[in-house]
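Chain nomenclature is as follows: A, B, C and D, assigned in order of appearance, with residue numbering initiated at 1 for each chain independently.
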Amino acid sequence: MSPRVRPRPPVPADLPELPTSLRGAGRVLDARLHLLDRQILDVDDVPVTTLDDLLVLTADGGELTTGEQPAFVDQLLTGPVLATRVFGGRPPASRWVRIPWADVTDVGVAVTLGVRGEGLDATWVQRWLRDHVIARIPGGRHDPG
Amino acid sequence: MVRRLAAAVCAAVLLLCAGCGLGLGSATSTPKQAAERLAQDVDMASSAVGTAELAVRQLRGSRTFPTVAEITLKECGGLLSGASAGLTRYIPIDRRDARWRDDALRATAQAQAAVADSRAWVDGGGGSGAGVQAGLADASDALDAVSGTLERAGAQ
Amino acid sequence: MKRLLGVALGVLTAIGGFLDIGDLVTNAVVGSRFGMSLTWAVLLGVVGICLFAQMAGRVTAVSGRATFEIIRERLGPRASGTNLVASFLINLLTLTAEIGGVALALQLASSVEPRLWIPVAAFAVWVVVWRAKFEVLEDVTGLLGLTLLVFAVSVVLLDPDWAHLAHTAAAPQIPATEGAASYFYYAIALFGAAMTPYEVFFFSSGAVEEKWGPKDISQSRINVLVGFPLGGLLSLSIAACATLVFLPQQIEVSTLSQVVLPVAEAGGKLALAFVLVGIVAATFGASLETTLSAGYTIAQFFGWSWGKFRRPSQAPGFHVVMIACLLVGAGVLMTDVDPVRVTEFSVVFSAVALPLTYLPILLVANDPEYMGDQVNGRVLNGLALVFLVLILAASLAAIPLMIATGAGA
Amino acid sequence: MILGDLLDAPVYADGGQLGFVVDVRLVLDGPVKGLRAAPRVVGLLVSARTGATFLGYERTDTNAPALVWRYLAWRHRGTFLVLWEDVVGVTGGAQRGTGDARVDLRPGFRRWSPALAPTGTGSRP
């Protein structure tokens, strides 16, 4: 199985390539393709949750309705919102669990955070299960090693 | 989006109906189909008796453990009661296949008795290995006779 | 030592995964009704699972992401949500059948009511999943499962007419007593029994449990090429045993006790002892795999922490899902449902759900973002596409055939 | 604004509907927050169909098995990129899937190629 990267696909010729001057120098990511539904890992590679959505605001944190001001991703959004994402509708703002973009250290195949997952709201369900179910069973904290 | 969902649901329903159509096609209406329907239960019964014969022969030749033989015979008993339940559920369409059903029921009952004797013998309850083996063989012959008549009727 | 453990993973996945209650029953039933004329379906299943598991193992070894994370990432919430529901329910069905298989096997060895064995078997599976190390779990059930080689020995001892066996395998035709519908129904059942999705979830998540990196890809390929053909060989010998003993006397197999009869016929008590140990090990190994797969699919879909290499307190959701599945499985079995019947349905529904897992893995195996330069080669892609068509065909034909034949009656 | 609301929203320009937002292109060159530069919205990717199979094959150099890739590339063949500055308005509270989300583009907006440079981030994080 000869591993080799194939030539680029025939780009539709009629559309001009976006010059980096317009696009900006940093790494390019498509939200749905590279970010949404990706695994979020904490600083020691322990899975935290899956990224459901992103909050986009203006530079000074204001709401956005037009394209005049540049828009930036301010927070990663996750939480028990799968039902609305699948069946449509919009979860109330309170349902979102928010992770500031400042915590993100790397975006590769997964999104890696620079903090421990322990303190995040996103892992609340896991902590509840641990304290109320797993802790009650003997050997819950043994290290299989 | 809704349009695509509706299309998927219709496709699924269509698929199911096609499958059911094929399945229902085999409802019993002609003597040939009646014979085939009865033959299914008789085949199940003769499979059970055949297995029982094998288990008893192996135990007599001490090629198997008593526990395994006992469980095998218990499961054969289960298969036989399934077969006779199938036969009693069957509603004959005319006098001829009513007679077939009665022969089949009689042979299956004989098989059930033979298997029960074998279990008793395996549990040390009496009777001899040879006697039990013979009983199973007779029951097997009776079932073969019935499936013979059903096959001939089915072939017409 | 690591290499030996690696091969153990392959052998376990072959014996435990390949030979589970589904294979034991389906191959015996097919042997007793169709002789060796469905050998092609088993061989197709072996090649398919080799291809599929090897791709899944490679994808996980390189990208570090296990199967259901990838399915969620590539298909988005809606498609992967339905995929999760289907895969999870079928995995639960297989789990129920496997635990039922353990209970039946223990009944054969001890003639104690299977209903008493069910809670014991479910509890034993939980204890091993809760405490044992991943490698230990593999080695024990893997090595014990090797005793199933007695099926192959039995075929030899039964002193068959090898030419005739080979001929019916090579030139298959549908026996007179069976209709074409049930012939192809059982072909799909065999294909589904060989290519069960839970094997791939277990195999690819196992690559994370064993902390494989890109350098372990050759190791994973050995596991697959050693493990699964071994499973395929045993499947065929089960069918051959049934063909030699049951087909001539027109005995149709429908219980587990019938599956072991040919071995007793061939090798007497010693062979029977081996096969009983082997069946308990295979069904117990498969119960572990299906339980873990239930945990893997849910945890990976929702992005929870998972894995046996972590303390249970660090993967609480993962363990709670597994406990719940074991309780549901044991509960269903206590209602005296026949595990053999449950098995026959589980293998066919496995075939129905196969495309849901196969397509995303195939796509990701070609995605440089995940695989870097380890993407599929042209030959592998060609073969993978052939199997994509086969898998889709089997998946579409399974349900109508199941209805048409009344589930193979 | 929640980015998810933009996805699958219909896109209009000088009266006519062009298609749907399939994806949102970001570039990591915003103000540095923490260790990484915040992603800035470069533009929207618009295609004739909603992003049901958003596998993105028309934008990356991934050649899935030829047959599958050709079908997916064909399915999203009309995709183009429009710059964020050309977006005149995101209206209707952008409820997803409830039909009243809407994106309006400036008349005379420019279409750009959707292709992505090979990311090749296949190595493990």
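Here are a few things to note about the model shown:
Heads up, the rule we're going with is that a contact is a pair of C-beta atoms (placed from the backbone, for glycine too) under 8 Å apart; a residue touches a chain by one contact, two chains touch by 3 or more.
Owing to the predicted nature of the structure, the values given are computational and were not obtained by experimental measurement.
Distances between chain centres, each the mean of the C-alpha atoms, put B farthest from chain A.
Between B-C and C-D, more contacting C-beta pairs join the chains of B-C. Mean C-alpha positions place chain B and chain D at a centre distance of 63 Å. Note on chain placement: the centre of chain B and the centre of chain C lie 29 Å apart, centres being C-alpha means. Measuring from the averaged C-alpha position of chain C to that of chain D gives a distance of 41 Å. Chain A and chain C have Cα centroids separated by 34 Å.
Residue positions 63-64, 76, 368-370, 373-374, 376 of chain C are each in touch with at least two other chains.
Residues of chain D in contact with two or more other chains: 54, 60-61, 63, 69, 97, 118-125.
Contacts from chain C toward chain A in the complex involve residues 63-65, 69, 72-73, 76-78, 80-81, 130-134, 299, 301-306, 308-314, 316-317, 319-320, 323, 368-370, 373-380.
Taken together, the chain B residues at the contact with chain C in this complex read 15-16, 18-20, 22-23, 40, 43-44, 46-47, 50-51, 54-55, 58, 62-65, 67-68, 70-72, 75, 78-79. Chain contact summary for the complex, chain D toward chain C: residues 54-55, 60-69, 118-125. Chain C contributes residues 62-64, 74, 76, 213, 362-363, 366-374, 376, 381-382, 384-385, 388 to its touches with chain D in the complex. Of all the residues in chain D, the ones that touch chain A in their complex are 1-5, 7, 22-31, 33-43, 45, 51, 54, 56, 58-61, 63, 69, 73, 77, 80-81, 83-91, 93, 95-98, 106, 111-125.
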